[in-house]
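Heads up: the structure comes next, in structure tokens.
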Amino acid sequence: MVPLTWYLLVTAALFCIGLVGALSRRNAIAVLMGIELMLNAINLNLVAFWRYAYAARMDGQVFAVFVITVAAAEAAVGLAIIIAVYRQRRTINVEELDLLKG
Amino acid sequence: MPSQYAFIGVFLLVALALPIIGLVLAWLIRPKKPNFAKNATYECGMETIGDSWVQFKAQYYLYALIFVVFDVEAVFIFPWAVAYGKLGLYALVEMVLFILILLGGLLYAWRKKALDW
Amino acid sequence: MQQVIFIVLSLLTLSAAVMVVASRSLFRSALWLILAFAGIAMLFILLQAEFLAFVHILIYIGAIAILIIFAIMLSRGVMDPNEPRFNDQWRLVIGFGALLFVGLVVIMLRIPWPVNIVAVPADAIQLLGADFVGTYVIPFEVASVLLVAALIGAIVIAREH
Amino acid sequence: MYYIQDLFVNIARSWTSWISGFLPLWAVSGVNYLIMAVILVMMPVLATLTLTWMERKVIGRIQNRIGPNRVGPFGIFQAFADAVKMLVKEDVIPTDADRPVFNLAPILIAAGAALLWAVIPFGRGMAAADLNVGVLYIIAIGSMTMIAMLMAGWSSNNKYALIGAFRAVAQLLSYEVPMVLSIATVALVVGSMRMGAVVEAQVVPFVVVLPATFVVYLMAGIAETGRSPFDLLEAESEIVAGYFVEYSGLKFGWFYIAEYGNLFAISAIVTTLFLGGWRGPGVSAVPALGPFYFIAKIVAVVFLMMWIRGTWPRVRIDQMLGLAWKVLVPVSLANLLWVAFVMKLPLPTALQWVLFVVGGLAVLAVALGLLGRAGRRHVASKGMVQT
């Protein structure tokens, strides 16, 4: 079987790639995609720990399902906001969205 | 279980390979005579105006949205359905509550005309 | 054998993730994202979490990715493809990301993770279902409320007036 | 005699024991997987070759024509002639298309149509991989098809293709919800998501036990395959031909094959979930009969779908999406809850199943009644004359 640290390495890398995407892209949808990658990394981490330490019970998978649920709700509302912003301002460039600066 | 997924893996590769083989075969035997008019976008026989981007109705997004919510709901229903025979009456009550809350969401979407085209 | 499959799948996932961030076209980014999701689902199967693997495909590829593609289509034409896709601080961010990765790896290798490999129960899905309405019944009902709240909120926000 | 009784399983056994004589264990399973995969991957192609001919003949008879009768006896080689035509056609790629994505879309859609067959049991113990999450696998493969459609529509750089892809996906999304809910109802009654277990549980076929579920699933299945009366995605008069307008040659061919492959696969799933799969008279004594019953039932379902196509007019897009969300979803949810409720009543299983039937029929009757009332009100409000 693959050692646990391999999985942890992959999830750490995936999380960092997602973070870079979320912080460096200018398009709001691309930022959201970066966040989805980060959530995926966390989920993979959860399941890896479940398999390697607590496989007799299902708690790890239960948590993973809840993470997926929250991710789905987040994506739905986030994209709805992006669409609404696009309709109002005709742009979804996060650098130009500075309404609160006044 | 691992052997089943080993088969699924092999099957996935074969299923992707067959169309590729077919396309390569067709590529070898078919004629190739492209010209400008042939490669133009197939619309009404006229020159295409603008990019292919058209403004889409947000309605499409609303359907996808409601779908996401019900898809996640299904994820909870399936393990419940499989385990149901071994669970007590509380499983029924809790699922009824779960579905009623979601039906409230569907009703809201219905009233707000989010389900109308 | 498992090691080889693991390496192939994780390389696939990670390179797809890099392409999500680096791709110039937003639609291509979304397609790479789908490939990354598929890679993670296959890693779930390697971890013997088969239910979760298909749930992952169902929700992430079948629902969230489609939502993202719809949103890309609805907001098309606003971003000029020739404009830079990264903001000004992207070098800084990459440095920060690399630093974080190194930090995580160092921490990870230091901690002796408690490893206790047992067989996955044969009726894993039944146990999962029992957990939803048993131990985790409050989060289960809250999940339903959360979904409805997201639905109502998103409809209010996205509806054309 | 025993060998003949369970012919297919025994052939597989003899073959495996023969090759294990000179091959190591991992190579034996590798070779076996490869053979099974190659057989199953041909299913969509086979379905296209036979079902196109059948469809032309059936639709022809319904429309008082003869159908194809030139190529071979009764025109049975028509499909082969078409296949050759597909193969030698020139491939046209529009100038501004996104080439890699454009080429990948038909490959993915054809693979999706084939992959469905992995979990379908052809007979007792004759599923290639009888996964514990079999029904989820089927739903998950469906999402791959949606992605391929969006890829095709987007990469063609054509307004009609893009609109067609969006419509197709909106339709698939909407009908996936009632489809998933009716599958969940079956899983609830069976207590498993394994396709093999679903067949074993059908002492009485579920088409009788769960009538509402069957009706919902059949409608959703027809919508998922994009066939008339739900063939809006390729409504010729509105959006040319849907998301694959720009495709030609074999790339179009793969879309076509995927369409018929999906029709065949959906019929196989209907058969497995509701018509008792390979079950039939005498099958417990002679298991080799199973696959024949199975294929016969599939052909019957396909015929039913063709009959529907030949008889009903196309619905409008608002009617179609409204039907999914306002009728089928509530019906399947009500039915699911009724089944769950009855299963908790302290009654013998046979009586519970009778109550399933009663509840299912009642749900259908209520839905039809409400639908009729809404229709009459609509007609009255539009001031149309009722005939």
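Every chain is named by a letter (A, B, C and D) in the order it is written, and numbering of its residues begins at 1.
Assume a contact is a pair of C-beta atoms (placed from the backbone, for glycine too) under 8 Å apart; a residue touches a chain by one contact, two chains touch by 3 or more.
Quick caveat, the model's predicted, so the values are computed rather than measured.
Out of B-D and B-C, which chain pair has the most contact pairs?
B-D is joined by more C-beta pairs in contact.
Closest chain to the protein CA centroid?
Chain nearest the centroid of all protein C-alpha atoms: B.
Please identify the chain with the largest separation between its CA centroid and the CA centroid of chain B.
With centres defined by C-alpha atoms, farthest from chain B sits A.
Which whole number of Å gives the spacing of the CA centres of chain A and chain D?
Once rounded, the distance between the two centres reads 34 Å.
Rounded to a whole Å, what is the gap between the Cα centroids of chain B and chain C?
Their C-alpha centroids are separated by 17 Å.
Please compute the C-alpha centroid of chain C, do the same for chain D, then give the distance between them in whole Å.
Roughly 29 Å separates the two chain centres.
Give the residues of chain B touching no fewer than two other chains, as numbers and ranges.
Within chain B, the residues that touch at least two other chains are 1, 5, 53, 56, 58, 60-61, 64-69, 71-72, 74-76, 78, 81-82, 84, 95, 109.
List, in ascending order, every residue of chain C touching at least 2 other chains.
Within chain C, residues 48, 50-51, 55, 58-59, 62-64, 66-67, 70-71, 73-74, 125, 127-128, 132, 143, 147, 150-151, 154-155, 158, 160 contact more than one other chain.
Provide the list of chain A residues touching at least two other chains, using ranges where the numbers run on.
Correct list: 65, 68-69, 72-73, 75-76, 79-80, 83, 87.
What topology does the chain touch graph have (line, ring, star, complete, other)?
Per interface graph, the chains form some other shape.
Let me know each pair of chains that touch one another.
Pairwise, the chains that meet the contact rule are A-B, A-C, B-C, B-D, C-D.
Quick check on the complex: what are the chain D residues that touch chain C?
Chain D reaches chain C through residues 98, 101, 131-133, 136-137, 139-140, 142-144, 146-147, 150-151, 154, 162, 166, 169, 173, 176, 193.
Quick one: in the complex, what on chain A touches chain C?
1-2, 4-10, 12-21, 23-27, 29-30, 32-34, 36-37, 40, 43-44, 47-59, 61-62, 64-66, 68-77, 79-84, 86-87, 90-95
Spell out the residues on chain B that touch chain C in their complex, using ranges where they run on.
1-2, 5, 51, 53, 56-58, 60-62, 64-69, 71-76, 78-84, 86-87, 90-91, 94-95, 97-98, 101-102, 104-105, 108-109, 112, 114
What part of chain B is in contact with chain A in the complex they form?
Interface residues on the chain B side: 58, 61, 65, 68-69, 71-72, 75-76.
Contact residues on chain D for chain B in the complex?
Going through chain D, the ones touching chain B are 29-30, 33-34, 36-38, 40-42, 86-96, 103, 106-108, 110-111, 114-115, 118, 128-132, 135-136, 156-163, 166, 169-170, 173-174, 176-177, 180-181, 184-185, 187-188, 191-193, 240, 245-246, 249-251, 253-254, 317-318, 321-322, 325-326, 329-330, 333, 336-337, 340-341, 343-344.
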